[in-house]
Structure formats: C-alpha cells, structure tokens
Amino acid sequence: MTLLIAMSLLLSVTIVAAAILATRSSQSLAVSILSAGLVSLLASVQFLLLAAPDVAMTEAAIGSGLTTFLFFFVLGRVRGGEHD
Amino acid sequence: MTANSETQPRARRIAVMFATLLLFWVMLMGRVTADVLIVGVMVSLAIALLFPSGLSFFTEFRATPKAFAAGIRYYGLFFKELVKSNLKLAAIVLSPSLPIKPGIVKVRTRLKSRMGRLMLANSISLTPGTLTVEMEGEWLYVHWVSVGSTDVEGATAEIVAGFERYLEVIYG
Amino acid sequence: MVDLLIYLAATIAGVAFLLALWRFMAGPTAADRVIAFDSLTIVSITGIALAALAEGRGIYLDVALVYALLSFLGVIVVARYIERGF
Amino acid sequence: MIRRLFVVLLLFGLAAVFAGLMASYSPDETLNLSARYYAEHTAQDIGAANIVTAIIVTFRGLDTLGEVTVLFLTAAIVGLVLSHGRREGRGSGRELPPAGELLTTGTRLLVPLILLLGAYVFVNGHLTPGGGFQGGAILASAILLLLLTDPLRRISHRLITAIESTAGLVFVGIGLLGIFLAGGFLDNRILPIGSLGELFSAGAIPIIYSFIGLKVGAEFSSMLAHLSETEDL
Amino acid sequence: MAYIAMTTGFVLILIGLYGALTNRNILRMIVAFTVANTGVNLVMVAVGYLHGRTAPILDAAVPVAEAAARIIDPVPQALVLTAIVIGVGVTALMLAYAYKLYESKRTLDISAFKDLKW
Amino acid sequence: MTSLLYLLGGILLVAGAVFLLSGGIGLVRMPDAYNRIQAGTKATTLGTLLTLAGVACLRPDWALKLLLIGLFLLFTNPLSSQVLARAAHRVGVKQAPQTVIDRLEEDLGEKP
C-alpha cells in the first residue's frame, strides 16, 4: 500500500510540473503540446493506481497517439502562426 | 531494392499472416478453448484479408531445420550482446570522465529480404552503443558511442557480422 | 525479504524517473525532450507491472500491453513533425 | 495588466471553492446504494465480469447510444468544416521527406498486431479492462501509423462510412431485438448469459461492444483522414 | 490516495484555466483546455476511490461473493470513460476550427478575431 | 523451490531497476541527443525486460502476458529510436564536440 501511495505522490508531482510546462507561454508550442501529452500519459498511470484500469486504458490509447497527432498535425499545417 | 516478399505468392503470405496472428491471439487470451479459437480465426482472417501487405516474423522465414537452429542461436547471441553492451554502457555512464568517442560510421550488409533487414537494424539499435540512423540499399549508417574503427570493413566486422551470419540463414 | 527487494527496485526506478523528468524539463533541443518522454513511458511500464504486483491483479497488465504497443506512436509523431513529414 | 489581475482573482476564488470542497470531503467507507446494487447484481443478472462494461452497455446503454451519436456528429462536423473549399490533389504542396525503409517495413509488421490488439480489447470488454471505446481508439491508432508512414495515402472514405453505418445499424438493431426478446431496449439477455468468465458469456455484450468498437474506430479514422487531406497554409 | 489525486486534479484545473485565460494564441488555449480536461477526469475518478479496495472487475482475485466488500465505485469510472472519448472529439473539433480561422485570417492571435465585437 | 524462485524474481527486479537508473543517469550526463538516445531508451528497455522477468518469477501465472509485453517493447522501441535519430540528423541537431566521424553527413554532402 505504501508503495502505491509513494508512486501516486511521485506521479502527482510530475503531472503538475508537466502541466506548468505545458501552459507557460514562453515555451515553444511544440514543447507545450508534448508536455500536454505527458500529462495525459502519466494521468493514465494515476488512474490505474486509483483502481480504474478501464479509464487508464482509454487515456493511454487516446492520449499517447491520437491527441498528440491531432495537435502536431494542425501545428504543422499552420507553421508561422505559432509565434503570434 | 529487391524484396523477396513481393515475389512470394499472395496466398502463401496471407496464410502465414493468418497463422502468426492466430498464434498471437492465443497468447493474448492465454487459453485454448473452442470459443477462443472460433473468435480468433474470425479476427485473424479478417485482418489478414484486409491488410494483405502486412509482414510477420515468418513471412520470409525459410522453414528448414537449419533456420530453426540458427534462430535459436541468433536469440542466444542477441540476449548475450544485449546484456554485455548494457553493462559496458553503464560503466561508461558511471565513470566520472565519461569516456565516449561518438561518431556515425558506415557499414555494409548483404541481407536482401525485408524482414531480415528490419531484424538486423533492430538488433543493432537494441544493443546499446550502436544505433541505426539510416538504411539505404546495402549501406547502413550506425551511430556508435565508442567508435572502434572508422573504415567500412572494420566497422562491418565489428557491428554487423555477428548478427548477419545467423539472419542470412534465417531470412536470406 | 522479497518485499524489501521490491521496495528497493521501486525506489531505484523512481530515481530514474526523476532523472528522465529533469531531462524533459531541461532538454535543450526538441529531440532531447522526446527521448525523455520515451524513457518516462518505458519506466511507467515498470511502474504498472509493480502496481499489478502490489495489488495482485493480473488484469492491470492489459494496460501495460497497450502502453508497450502504442507509446511509441507519440515519439514517431514528433519525429515526423520535426522532419516535416506530414 | 488589469485583465491578468482579474484572471488571478477569479482563479483564487475557484481555488477557495476547491479547498472548501476538499475540506468537507470525507471518503466513504462502504459503497453507496447504486454502486452496491451494481456490485451485487451484475454477476447474476448481466453475467459480465467487468462491472464498468455492464454499466456502459446495459444499465446505461442509452447514454452510450447518445455518446456514439455525439462522436458521429463531431466526426461529421470535422469533415464538413475541413472539406469546405478543398482543392483537389496536393499539387501545390511541398515535397514530403520519405519515411525511410525501416519505418515502412516496421509499419507493415506492426499494423496487423495493433489491429489484433484492438480486436482483443473490444472482444474481451466484458472480462478484462477495455471495451469498444478503447478498442476503437487502438484501431484508429493503426490507421494513424499508416498515415504517418505515408501521408499521401488515401484512406477509402467509402469503406469507413460503410463500416460506420453498418456498425451503427447493428448496434441499434440489437437494441431493438432486446425489446422483443427480452426486457427492453439494449437488454443483453437475448442470448444466454453463460457462465462468468467465459468468452461467450454476458449475453449480447461482446457483440454490442464489438460493433461499438468498429464504429468508434471508423469515426476516429474518418477524423484523421479528413485532417490529413487538408493542405498547408 | 484519493486526496492526492483529487488535489492534483484541482491543481490541474486551475493551471489549465489560467493558461486558457491568459494566453493569446488559440492553439495554446486548446492545449490548456486539454490539461484542464484531464484534471476534471482525475477529480471524478478520485471521488469514486475507496481506500484499500480494488478495481471493479471480477476474476479469480475478486470472487463474486466478496464483490460488494472489495470493489470501488464503478459509476464515476463509466462516466469518465465516456468523458475522455468525447473530450477527444471536442479537441478535434476545436482544432479543425482553429485551422479554418488561420485560413481566413493568417494568424492564431485571438485579438485578431473581432468580427463579433463592437 | 518456490522461495528460490521468489528470491530470483526479487534480484531480477532490482537488477532491472539498476539498468533503468543507468539509463536515467546516461540521459542526464550524455553530451548530445544521439548519445542520449543510446543511453536513454536502450538501457531502459533492458531494464524493463528484466523487471518484467522478475515479475514473471514472482507470479508465474502472468508469464504469458508479460512475455507479450516484452515482445511488443522489443518491436516498437528500436523503431521509434531509429526514426527519432534519423529525424534529428535530418534537421541538423548538433553533435557533441567529441564526435570523431560522421559518414552520413559526408555522403549526404556528395549527392545533394
């Protein structure tokens, strides 16, 4: 049990750090998107620790590939707009 | 680029694909009963027919006893190399002076089949210290943490030869 | 005895996780951050296996299966983005 | 910056609300009434080992129908928004770097495996974690890998639409069968419940969830295909 | 553990809202929105967690007879499951509109879009 | 007999974690992106494989699924690191000053 709580704490710290990195406007947009992907990927492990494997699997399947791809795809299409 | 997989008959490739997928299905389910097999046959057949350009481990496998023996010895060599080079890399990383000598070298391969080439590149990438960067025709460009020899022949002998000897027998 | 070893392994893996996180935060180029991202997901697979062990539920491993097969997609997306492949 | 100050004040207010929620939150010791009902009755009435699946497909099946509809509308609107004024072909586009031999071969190796994993996830929705939505997302990931390897590849819209509408029709049809053969719309007991833990158990849940999986996968794939057919700006 | 996850979720919501309200770039706003979305999901799953219990899936480890005493609340999980999938749909929709907005104005800065403002 | 298997499992777990740690240290200490790929993703792969083997020793009934996880890792991991290294080289990510040779750059220079 203590193992799970320690893992949960570590993940929480990581998630918050990645979220702050994702919303800082001084970072480049690609880094923001990558950090948002990290937030969703680690949140999926957090879901697993909260005994919700269904939700964890959904978040892992969607957060790892699909969302990241959608963002990077639009970002690649609107190159030049990211510095506004 | 010559690829044997295109010359193999389509029916045979689909059959091999189907068998591999069924094997993976049984491994995923973890049990062999009638219902598992019925659903597995349906799913594997659907995927194999929908995606006929798929490759599997055994697509270009030469089903000879020699190839099986070479396969077993290949995996033995692969895991030995994996552990050995990981230890080497750990020693490099932990030593205070970081004694690396990186560079990208060019090596030659004789393999022609797609699966053989993929397995070769993956084996090179998985053993730490070497990382395939680009593959063009018979040339591989390999990033090497501690370059041993910069000329093509020497690097080939050091990086590729061990794996290639077995893969040539397995896949051709 | 074995429990102690499990705790030790989890602690060491946690340190590795933090080191990879530092690289993710600091990484000078995009490639560095992507590598750190990849390492974080691979360490997470270890974490999932350890959590399954601690809870005693084999079904958690299905999530690790999805991780192992799909986490590389994110890396390939970013790699293709930085070489302008789509 | 008066605006930023306003935002920070607003967030402080929200943070106070959240802190109040956290302070008054006390975790339950036992399950509440509805959860207890689900926990006790799922195994006998529905026959599904995964209670979340039982809730999604049968107890709250109508919600799922609505959700699939929302997803369908989203995919349709994405297609509509992006298709407006699209030029034919990619003649004006820049030259794309090729994917390289290893990625191409690796894709051909991995795509069948990813499809198989997706099928495994949604066929086993009633036994293991997973189900139609996860399986659909995994199927769409396989399409995504194909698009990453060859961005100019055209995914057949007709095939996607056919799969999507067939799956939707079968889903609603099984739901209607439930009215006639069992207790109501989307009742899973039109097929024998079987014994807990078998692949063929839980009545119609595996069939319904498989078709939901195909539908969700087709919807995500159509979103990806529409996006990939846009042009650089 | 529920407290840890809940605090994380609330902090994520706050961070996401701050990012969405202060950034001027539409894509950044969407990124911040997804972060807040994850936070909401985390809070909802944490509400259903009961200390010392396990996942609501019956198998050899959790037999049917002990189910009510050993599993956590499955209802929030079912809700979050659908919320995540819808979240991806909404994100795709927002991104499609961002693309169209860039097509018409050649910029992603939110202050350039004042057609509805007077 | 079983206790011996348990002990082996625990030792494998710790060994895997040590390899994960060496990967993490390499990720921090290596001077450029290519070397970080080498240290970061390869050492962590072996570490994860060993950890999975350790878990399989502790719970033999999960062995098949753990084997599959390991197999999938072995397929996907080299692929992603290779694609990443190729992309990094293509956009000209700088190499460390210790680099002795770059044949790919030379060959690309010959035939632009």
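Chains: A, B, C, D, E and F, in written order; residue numbering restarts at 1 for each.
Just so it is clear, a residue touches a chain if its C-beta (ideal position, glycine included) is under 8 Å from a C-beta of that chain, and two chains touch if they have at least 3 such contacts.
What you see is a predicted model; the values in this text were computed from it and never measured.
Peer 1: Which other chains touch chain D while also touching chain E?
Peer 2: Common contact partners of chain D and chain E, which must touch each of the two, are A, C.
Peer 1: Minimal path length between chain A and chain F through chains that touch?
Peer 2: 2
Peer 1: Using only Cα atoms to place each chain's centre, name the chain farthest from chain A.
Peer 2: Result for the farthest chain: B.
Peer 1: Of the pairs D-F and B-F, which shows more C-beta pairs in contact?
Peer 2: B-F is joined by more C-beta pairs in contact.
Peer 1: Distance from the CA centroid of chain E to that of chain F, rounded to the nearest Å?
Peer 2: Going by mean C-alpha positions, chain E sits 31 Å from chain F.
Peer 1: On a C-alpha centroid basis, what's the spacing between chain A and chain D, in Å?
Peer 2: 19
Peer 1: I'd like the Å distance between the centres of chain B and chain C, where a centre is the mean of that chain's Cα atoms.
Peer 2: Whole-Å distance between the two chain centres: 23.
Peer 1: So how far apart, in whole Å, are chain B and chain E when each is placed at the average of its C-alpha atoms?
Peer 2: 39
Peer 1: Among the residues of chain B, which are close enough to touch at least two other chains?
Peer 2: 24, 28, 121, 132, 134
Peer 1: Can you pull out the residues of chain D that are in contact with at least two other chains?
Peer 2: 50, 52, 97, 100, 102-103, 106, 109-110, 113, 117, 121, 128-130, 133-134, 137-138, 141, 144, 148, 220, 223, 227-228, 230, 233
Peer 1: What are the residue numbers in chain E that touch two or more other chains?
Peer 2: In chain E, the residues touching two or more other chains are 2, 7, 18, 22, 49, 54-57, 59, 72, 77, 81, 84-85, 88, 92, 95, 99, 102, 106.
Peer 1: Output every touching chain pair, sorted by label.
Peer 2: Pairs flagged as touching, ordered by label: A-C, A-D, A-E, B-D, B-F, C-D, C-E, C-F, D-E, D-F.
Peer 1: Going by the contact rule set out above, which residues of chain A touch chain C in the complex?
Peer 2: 1, 3-4, 6-7, 10, 14, 17-18, 21, 30-31, 34-35, 37-38, 41-42, 44-45, 48-49, 51, 53, 56-57, 60-61, 64-65, 68-69, 72-73, 75-76
Peer 1: Taking the complex as given, what residues does chain F use to touch chain B?
Peer 2: 18-19, 22, 25-26, 29-32, 34-35, 37-39, 42-43, 45-46, 64-65, 67-68, 74-75, 77-79, 81-82, 85-86, 89, 95-96, 98-105, 107
Peer 1: Can you list the residues on chain C that touch chain D in the complex?
Peer 2: Residues in contact with chain D: 59-60, 62-63, 65-66, 69-70, 73, 76-77, 80, 83-86.
Peer 1: Touching residues of chain C toward chain F in the complex: what are they?
Peer 2: These residues of chain C touch chain F: 1-2, 4-6, 8-13, 15-20, 22-23, 29, 31-32, 34-36, 38-39, 42-43, 45-46, 49-50, 52-53, 58, 61-62, 64-65, 68-69, 71-72, 75-76, 78-80, 82-83, 85.
Peer 1: Spell out the residues on chain D that touch chain E in their complex, using ranges where they run on.
Peer 2: Listed in rising order, the residues are 4, 7-8, 10-11, 14-15, 18, 21-22, 25, 27-32, 34-36, 38-40, 42-43, 49-52, 55-56, 60, 63-64, 67, 70-71, 74-75, 77-78, 81-82, 84, 127-129, 133, 137, 196-197, 216, 220, 223, 227, 230, 233.
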